[in-house]
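Just so it is clear, A, B, C and D label the chains in written order, and each chain counts residues from 1 on its own.
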Amino acid sequence: MEANQNAFEPRSATLLLHCDLRAGVAGDLTRFIQVNGGRIVYHDQYVDTEINHYYTRLEWDPAGFVVGDAALADRIRPLIGDGPDTEYSLHFSDRIKRMAVFVSKDPWCLYDILARSQSGEWRVDIPVIVGNHPDLKSVADKFGIEFRLLPVTSANKGEVEDAQLALLAKHSVDFIVLAKYMQIVSERFVRAYPNRIINIHHAFLPAFPGARPYHSARARGVKIIGATSHYVTEELDAGPIIEQDVLRVSHRHSVQELVRSGRDLEKIVLSRAIWRHLQHKIIVHRGRTIVFH
Amino acid sequence: MEANQNAFEPRSATLLLHCDLRAGVAGDLTRFIQVNGGRIVYHDQYVDTEINHYYTRLEWDPAGFVVGDAALADRIRPLIGDGPDTEYSLHFSDRIKRMAVFVSKDPWCLYDILARSQSGEWRVDIPVIVGNHPDLKSVADKFGIEFRLLPVTSANKGEVEDAQLALLAKHSVDFIVLAKYMQIVSERFVRAYPNRIINIHHAFLPAFPGARPYHSARARGVKIIGATSHYVTEELDAGPIIEQDVLRVSHRHSVQELVRSGRDLEKIVLSRAIWRHLQHKIIVHRGRTIVFH
Amino acid sequence: MEANQNAFEPRSATLLLHCDLRAGVAGDLTRFIQVNGGRIVYHDQYVDTEINHYYTRLEWDPAGFVVGDAALADRIRPLIGDGPDTEYSLHFSDRIKRMAVFVSKDPWCLYDILARSQSGEWRVDIPVIVGNHPDLKSVADKFGIEFRLLPVTSANKGEVEDAQLALLAKHSVDFIVLAKYMQIVSERFVRAYPNRIINIHHAFLPAFPGARPYHSARARGVKIIGATSHYVTEELDAGPIIEQDVLRVSHRHSVQELVRSGRDLEKIVLSRAIWRHLQHKIIVHRGRTIVFH
Amino acid sequence: MEANQNAFEPRSATLLLHCDLRAGVAGDLTRFIQVNGGRIVYHDQYVDTEINHYYTRLEWDPAGFVVGDAALADRIRPLIGDGPDTEYSLHFSDRIKRMAVFVSKDPWCLYDILARSQSGEWRVDIPVIVGNHPDLKSVADKFGIEFRLLPVTSANKGEVEDAQLALLAKHSVDFIVLAKYMQIVSERFVRAYPNRIINIHHAFLPAFPGARPYHSARARGVKIIGATSHYVTEELDAGPIIEQDVLRVSHRHSVQELVRSGRDLEKIVLSRAIWRHLQHKIIVHRGRTIVFH
């Protein structure tokens, strides 16, 4: 691995939170951190005034912070109440996330992910790449990452998922990226990693869900194509959208050329989504994402 | 009317054509024009190699052209054959097109259209504006254009269309722009103006067809919204797409803010589509458009 | 005027502020408003961590607010300190801003501005349009707004500015929009309306400042053109940028076509800048803008 | 190397040409190819009517073509005349181009280039990577490509260029990509590879040429940043632009965040430019590019 990991900032702590809006909650949270010796380095918030709901991301330098990591949750809970629609998570930057990558045959997203992680652009560990085809083993080899071939057929789907889940558990994987993995994952699998499976769909959802979206885009004669990265839910291509981007096309683009042009969209959109996830900048609530910047 | 009509070029003739590809057709057409004294000022073409079909737009200065307008069609026909899938049209720039505008209550597209036509940016005649609500009569008045109020109810829909068609015939209207006209037009109406009714839909079709697309976009949590201009066909929001554009949004955009941001998209996308139509740069074939630039 | 002014929200008060960052300032401000009966409807803030500077926009419903408008400034000042680099302004939504528009011969920005203001999309009063050419008087007439012809020559420039300043004072103008006004305004004029003159430049600044940017763009062979709206300062085309947007072009675009395509960019970019200014969402500091959303 | 090279089409021949416009030149060229048994698979052309100049790209399947490669130039010359401003080149797809990549310390463009070439997305040979720093040797190693370290100082610049030119000659390099190579190349070097050195500049040229453009962009407060790929000429950052793209930013982007966001722009824009070059779709004329699609 190229060594510019030291380009990363010193240890930081991050609180990601949503709860019913209560007057003063923002002030209470920031004061709690400051009073206890934390230096706030990031604070963003959003109020959805339609449903009176509060979302925030707070990040602080815990160098002089007097509250221990383990006690933190207990101290924060009273500040945010215990409403039924409250969720929060705490993240410490020295606990590096572990990401598994699932692939089939298309290499572009995998290359982009591995380049970013190994060059130090991202701080993430990738213990294993899972393929249902052997094609991308050579890419994994180049980057020195274990490649596990688990071919899926209609007959063995359940068994393969057992093997996948065991593998993920063995590697203590935090989240999964489906980097052009051309298989639908089961409800059981999704439930094991809620809002922790990131997919890339090669269309501007909700237009053209399902298979062969570039063929559909060509047939419909759209003037713009897109790509969408989203968390996987039990309903196909209907999960919370993290990031989208588009590209202008014309009648001159054959399906083949749409596919080629779309590759860059796919890899950039997926990598942007992974980056936001790694920064703990995404809250999922009621089927949508709040993505802080 | 502000008088910069003289900013337009001298008289030009335009041939818009598609037919099965035949080797040499492009050369035959350009030679025909040159041999007969026409000076070509624009030539673009496109071959769809999947279906071996040829599309072209030729524009020439007919100052020294020895073939009369009336004889032109007869002379061109032998050059392009009489295959079953052949269509062409001829346009002369001194025959100014007549456009009717249909509106409901939203003013932004109407204002944009009237400003462009009256400032001389477009060369088009607008003999009448048809409204199913009285709200925009004041805008028509400002610009000195007849406003005809024809309120539509579920009971009188057929009668009103009779009146609309009679009005369009009386004014010798060439094509119709639905500038935020919040009514579905009937099959009969569409058939009277095939590929000559231009609509603006406030979403990135085929995402969010039908009513209230901004509400749907908010509910689905998309990160980009769009607008689509298309020719109206018998199937709602499924006609050939002429132009689309998009705008980045975030969770911070309420429905109201999506609506506001979308206005500019709607008016610009619709006006770009009208402009291409006025320039005779659009061929419709098999449910898609070829738009020359 | 079309009557959807009542679409606007009830009276609101807005504080726009920047000052050196002090721990707790955000909490102190929001508490001050809440404690005195104001209901906060908008709160955004930004900290420039490089210079440790705080920027915020707070908007509240003053229906139950117990602090009178006149006393407000005195009550806010202690909360923000009196550092040398502190500025704030207070705005009440029932005090409608008065905007003068300066034009030459190009109509598209003027039309766009007048359509937005008269349709109620913007809440602004336009008492007068100033032209150095008579061409756009007919547009002003259509919309029923006074047009004042003040032709500028190299000889009379100082006198004309005297007349302009007198006219602006007479009409109690708050800010000025140069809507394709092809004259350079003097330092004296700029100083009379600091950060209150909005210009549109037909290029992606800092590329192609000065005259004939589309010719320069064509000559340089750029693949994208742009437009920039900025506050006017004493240095030409160097003022704080409010908004920019771009459009993809190619070698096929002649200068004439760049000019035509650029029109839509110019009018949309200028109108977005005016809209942010009208909402009091822009802070100018050290030659740059903070634009809240 | 992953083996989907066979995804490439059968052998094709390409003519890239510009000359003074002569009536009938397009027809003469297409007939020459068809009469001699070539099947045209691509034909695009452009006429710059300001200077009456003709540009075209013709690609054909030479399976049944009766004119030998060696005789082709002699047969084409009479068709295009020998005007002083005529240039053409012939390319055969089975003669795979050889590309050298020059790098310094930034890895993202290099990774993107190597991933595309080794996955078979591009058909290109990369015999050598030249670095003036050792940092990216590990990347070259991963992909099994020779890395040649040639550190440049102000003292040894001439000698190093001698070594570079010898290395390029030894490897029969056709063109050079400066993939974040942070050195200015000499006039002598540029003249050895005219219109065959592709650079990426991390700004929207002509805005922010030279060093530290992200710092300049931050200081100027632009709302959009860009990247530009161009052929290198003797004047710094003034060569013919091949491709540009942009990204919306705001006051919230620190220089560091601009740098990070800009990385994706840089690699995508550079790779698009290389792809067009590899397809022989770029003509350089009078300091600008014609880029066919």
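The criterion applied here is as follows: a residue touches a chain if its C-beta (ideal position, glycine included) is under 8 Å from a C-beta of that chain, and two chains touch if they have at least 3 such contacts.
Fair warning: this is a prediction, and the values are worked out from it, not measured in the lab.
The chain with its CA mean position farthest from that of subunit D is C.
A count of C-beta contacts for the chain pairs C-D and B-C puts C-D on top. Listed candidates were B-D, A-B or A-D; the one reproducing the A-C interface, defined as more than half of contact pairs identical by residue number, is B-D. Averaging Cα coordinates per chain places subunit B and subunit C 35 Å apart.
Computed centre separation for the pair subunit B/subunit D is 39 angstrom, with centres defined by C-alpha atoms.
Centre-to-centre, using mean CA coordinates, subunit C is 42 Å away from subunit D. Chain contacts: subunit C has residues 49, 252 touching two or more partner chains. Within the complex, the subunit A residues that touch subunit D are 2, 107-108, 111-112, 115, 119, 121, 135, 138-139, 142-143, 252, 260, 263-264, 268, 271-272, 293.
Listed in rising order, the residues of subunit D touching subunit C in the complex are 46, 48-50, 204-208, 219-224, 226, 240-246, 250-252, 254, 287-291. Residues of subunit D touching subunit B in their complex: 23-24, 26-27, 30-31, 34, 41, 43, 47, 49, 248.
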